[in-house]
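Letters A, B, C, D, E and F mark the chains in the order given here, with residues in each chain numbered from 1 onward.
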Amino acid sequence: MRDRHVVIRNIERADAATVDQLGSAGTATVHEAIGRRGYLGPELAPIQRDVRVGGSAVTVLSHPGDNLMIHAAVECCRPGDVLVVAVTAPSIHGGFGDLLATSLMARGVRGLVMDAAVRDTMDLREMGFPVWTRHVSCQGAVKNTPGSVNVPVVMGGVAIHPGDIVCGDDDGVVVVPRDEADWALEKTNERLSREAGTRARLEAGELGLDLYGLRDKAVELGIEFLDSADDL
Amino acid sequence: MRDRHVVIRNIERADAATVDQLGSAGTATVHEAIGRRGYLGPELAPIQRDVRVGGSAVTVLSHPGDNLMIHAAVECCRPGDVLVVAVTAPSIHGGFGDLLATSLMARGVRGLVMDAAVRDTMDLREMGFPVWTRHVSCQGAVKNTPGSVNVPVVMGGVAIHPGDIVCGDDDGVVVVPRDEADWALEKTNERLSREAGTRARLEAGELGLDLYGLRDKAVELGIEFLDSADDL
Amino acid sequence: MRDRHVVIRNIERADAATVDQLGSAGTATVHEAIGRRGYLGPELAPIQRDVRVGGSAVTVLSHPGDNLMIHAAVECCRPGDVLVVAVTAPSIHGGFGDLLATSLMARGVRGLVMDAAVRDTMDLREMGFPVWTRHVSCQGAVKNTPGSVNVPVVMGGVAIHPGDIVCGDDDGVVVVPRDEADWALEKTNERLSREAGTRARLEAGELGLDLYGLRDKAVELGIEFLDSADDL
Amino acid sequence: MRDRHVVIRNIERADAATVDQLGSAGTATVHEAIGRRGYLGPELAPIQRDVRVGGSAVTVLSHPGDNLMIHAAVECCRPGDVLVVAVTAPSIHGGFGDLLATSLMARGVRGLVMDAAVRDTMDLREMGFPVWTRHVSCQGAVKNTPGSVNVPVVMGGVAIHPGDIVCGDDDGVVVVPRDEADWALEKTNERLSREAGTRARLEAGELGLDLYGLRDKAVELGIEFLDSADDL
Amino acid sequence: MRDRHVVIRNIERADAATVDQLGSAGTATVHEAIGRRGYLGPELAPIQRDVRVGGSAVTVLSHPGDNLMIHAAVECCRPGDVLVVAVTAPSIHGGFGDLLATSLMARGVRGLVMDAAVRDTMDLREMGFPVWTRHVSCQGAVKNTPGSVNVPVVMGGVAIHPGDIVCGDDDGVVVVPRDEADWALEKTNERLSREAGTRARLEAGELGLDLYGLRDKAVELGIEFLDSADDL
Amino acid sequence: MRDRHVVIRNIERADAATVDQLGSAGTATVHEAIGRRGYLGPELAPIQRDVRVGGSAVTVLSHPGDNLMIHAAVECCRPGDVLVVAVTAPSIHGGFGDLLATSLMARGVRGLVMDAAVRDTMDLREMGFPVWTRHVSCQGAVKNTPGSVNVPVVMGGVAIHPGDIVCGDDDGVVVVPRDEADWALEKTNERLSREAGTRARLEAGELGLDLYGLRDKAVELGIEFLDSADDL
């Protein structure tokens, strides 16, 4: 790669059913299940509410303020994909709006993760095209500087490869490496079952402190349990 | 206190009716009424809309990225409380989600004020558990480092003691010291009455400039009233 | 101006129909149409959704934490105006709430653009008074320090003159200089027509890369189109 | 201007002696003297210490991450100028380094004010070329997108016109409109004289509270002077 | 206190020798010694290097952009004090410069901790008056709004009372409650002795992992020590 | 890797002479030479000036506020290494000070790149141990939560592998992948030669606009060169 600019048209994707199940499990659960990894951070936030999506990453590496490579990426997308746009430096340019969303929806793309900004958010919500983005901004972009499509990128402290599984919901975005998909789903399902049991017990008034065996640990760590501040 | 870690099980609380009335008065009114104090700042924002809450603070002091002490705090909570979680340093860890909310709701807790982050926000809104938080993030927490429950904490530039009154709404969170509760309610009610009268006069077209006697003050301060820019 | 404080009562405004049409075109479109200028940035965000407004700017220059000049500005407003409040230094003071909104609505003002903070946001949304603001905060303001009304201000990197056209929607705020109003509307309408055609073609599956003639440009810029990563 | 890109080769400048004197008076003094205006804010900070500069602004408006227009500006500079580079959106690109500084020094340029970033700071300090910048960053720029030279720009909340006087020191940058130069110098000199007297009295132990007549004002404002906290 | 504005002229201070010794121990050591408390955070940074100071806090609570109360505080200061200026909301106003520093130095004040901004930094460094501040900014302040002197304040997440011990150095500021002074010094001296021994052993090549007994703990925590990545 | 915590004792390193030459070339030059990649951003800033370092990365992945893994990394370091400490979430903990620096210097380590904070900066500068860090802070860390040593990490938007080449100077940090070391040095040397020639010509007054052939490009891009603003 080094100093070349490339558009890779075809990439490997994970099994569609696995992607769907990871998407619907919710980001927090998947993140925990795979060892507290893959979260893109609180600043990559959804512009909509109550949407859960899973998809395969088509990655874009763009120059700030330039959306040429997003246009170049459209034809690389397939149904079930999520477009993941990284920038080589921080940017508040709204290089993505309702026209690009129209184009992506026409190809079955499920959503966008944008490390810069989007605009036309009123339209995007109306169209039902889900977006996770660092900023909402109508600052316009140009189409002058080359970048790449379907190369490894870094976003929100996470290395993302083309074909990785992108899970988005109200808490943000979690990315699962493609070659960990099956293992991740297994771990996620284990966690979901475990949590269902825990939830019932907590609803019944049981304490996490007891349920997780934390009371002894707390004492070992030197925490003192006192009846009132007078006992200090 | 100094270098001890303690969990104080029982605390003094303000009169329940007073807490309720302060909560329903709205944060801006309470903040003004008590001398423009107690506001935790714009960064401790609600994850929901159109919710007004008042409650008694159960305080937690946690190590960043560690929610052990939140678990330890649950059994210290009573109906009508609001859990207030401070951290010893800035953190974006989502150490609070739907399971802890389940546990708190089972004990009648009215909401959470979190100086780090929460996750499972889609669920929290559905459950109707109100939260004010610095970040939304699914980054997971550990349970390894001791802290304290029901000790004085500082959050958003405000010193909070266990049992203080926590008021939250769409504008954020205002905290009233417990021993000022009655005085604060009196001042708040005075303000509410006064504002009702003012609102009616402003609706009728009267000017705040006249109503508050600001026109003379403006002239005294050297402000010149000109008919147009040509008079400059 | 220099070191004087003035309130200019009467200003020139653009043609009302032009203002309305620019407002309803949407900020992204207007911003693009006039040469990617006039956007106040992602931090001046709406507190409501799905509202599009156009109005004539009545400008205020305030000392931080002081809303005296907002009160002084009310009588300078006419139906169709938008109040634009700049501060001489960054501020999180919520110097605007439901009472001032009541006053402005009584005069037919269409909205507020605030470079500091607003409060009573639950009420403001209920009243249907649209606001774009840097912060939501209930921190109270005083009325002690002079400023000016209807003087040129700078906000979000944009110089704004009294009477300029203010367009607000979910993407933020775009300001059009008053003496460019007709030209801006012409350019905006051109863009709206062009985009309608483009949208239809993109929906039909045509690619922006082809439609905008970007494929050749990409190649000229040295971008290599490869079938798969194996061709690297 | 609107949607054109221009390089204006020749501009009006203020009297050289006036510029020099404003520069050497220090930014805080000039800012106060002209009515607390013109300060570009704490984020436009010097990369060096103990340097005071005054110069005439040659302005550049650049696309983020693109330094083409800085190159275009060099031949518009004359001895005594300061290059002022604005960007159309926030940027951390280091589009200015030792080579551009070499070029500007060869033309007698006194310094740079950069709303993005500079690099080669070790060299710039060694060369004695003073810089005020938002960021230090070695992120490289391209030369693909047009902008303008010697048009009005906005930076740090201040509108700057070509030929305005730029004053920089350890506190940052203050800009004086060219047509206020003489008045600004007069006011500045008045302030310098007044401050010299004040300084001597403060050194002798006199209190500002008395010297500025603030004690009575404080009482009028309702401040209570108490001997100790026991008097509360 | 509630909604009163007061200037408390006389406060209790800790023993001068204790204050001096805490100041010279360095902030990191004192912070650790007292249980990892009292640090005002990385944003309250020194404007100078290689200065270590300890002093007794004279506290100021100011309205943003207003330095009236700093003037009111001067006569409350004694030799050995450090002036600690909090604001009721975030501010970048440079309400402190060389004149106020002259006044404070004339009274033997050892330094300033400022939660807003200072200016004239070139002069302040030359005068040898140490400052820790959130911002450097020449934005001017007014003298119109009341506040208090020698009341409890909160800064950088720490509650500070008049007479508390303020320690500043290149790492920032740590505050020790006055009634913990003796205990804090004892703990600090213990730590200093212990660290001296540790330093010698580390210089000799011994590992902290062994010296602190962390190797076993690491294994218990499930950390695997592998010879190379091939063993994964 | 997934959910394991490992310490990898031995890693591959690039040729020592290559590392040294890349380090001494300066970060901006290396960053440009390898295709404008590898820069960790302006927030990873040096605590010292006028230091240029090149070294081989020993990587650490830590829980925020926990420096256990830094201790675990020491014995993995060799002369010529640079320790690179990433965190799983943002942190301002000063988990590195003079004692750890003593330990690393005893093993010939050349510096530290820290994605959280360091303390004892006065000592670190005196010891001559170079550090690039996100924050300076004395907030103390604990040793309770596992992490890894010599695994791939992401910092400042760059994926870093153990053994990669770390270059630091006054502009920040640039990382070169180990398997690109020879190519990177070749490209760097080419650039250094080219720049030497350019510098001489710019010093002689030649313009970059001509030297880089940008004048024609500017015209092609639609930039108009005008003699004065009157020609607009």
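Here, contacts are C-beta pairs under 8 Å (C-beta built on N, C-alpha and C of every residue); 3 or more make two chains touch, one makes a residue touch a chain.
Just so we're clear, the structure is a prediction, and the values are computed from it rather than from any experiment.
K.L.:
Any chance you could name the chains that touch chain D and chain F both?
P.N.:
Chains in contact with chain D as well as chain F: A, E.
K.L.:
Hey, which one of D-F, A-D or A-B is the same interface as C-E, over half the contact pairs lining up?
P.N.:
Residue-number overlap above half with C-E among D-F, A-D or A-B: A-D.
K.L.:
For the interfaces B-E and B-C, which has the higher count of C-beta pairs in contact?
P.N.:
B-C is joined by more C-beta pairs in contact.
K.L.:
Please report how many Å separate the Cα centroid of chain A from that of chain C, as a whole number.
P.N.:
Going by mean C-alpha positions, chain A sits 30 Å from chain C.
K.L.:
I'd like to verify one number: the distance from the centre of chain B to the centre of chain F, where each centre is the average of its C-alpha atoms, in whole angstrom.
P.N.:
That gives a centre separation of 42 Å.
K.L.:
Which chain D residues reach two or more other chains?
P.N.:
Expected reply: 4, 36, 88, 92, 139, 144-145.
K.L.:
Which pairs of chains touch one another in this structure?
P.N.:
All chain pairs meeting the touch criterion are A-B, A-C, A-D, A-F, B-C, B-E, B-F, C-D, C-E, D-E, D-F, E-F.
K.L.:
Which of the residues in chain B come into contact with chain C in the complex?
P.N.:
Listed in rising order, the residues are 26-28, 31-32, 36, 39, 41-42, 45, 49-50, 52, 169-172, 174, 195, 198-199, 202-205, 207-209, 212, 214, 217-218, 221-229, 231-232.
K.L.:
Would you pull the chain B residues touching chain E in the complex into a rising list?
P.N.:
Answer in residue numbers: 2-4, 34-36, 88, 152, 154-155, 157-159, 180, 183, 187.
K.L.:
Quick one: in the complex, what on chain F touches chain B?
P.N.:
63-66, 88-93, 139, 142, 144-145
K.L.:
Mind listing the chain F positions that touch chain E in their complex?
P.N.:
Those in contact with chain E are residues 1, 4-11, 68, 71-72, 74-75, 92, 94, 97-100, 102-103, 106-107, 117, 119-122, 125, 135-140, 143-148, 150, 162.
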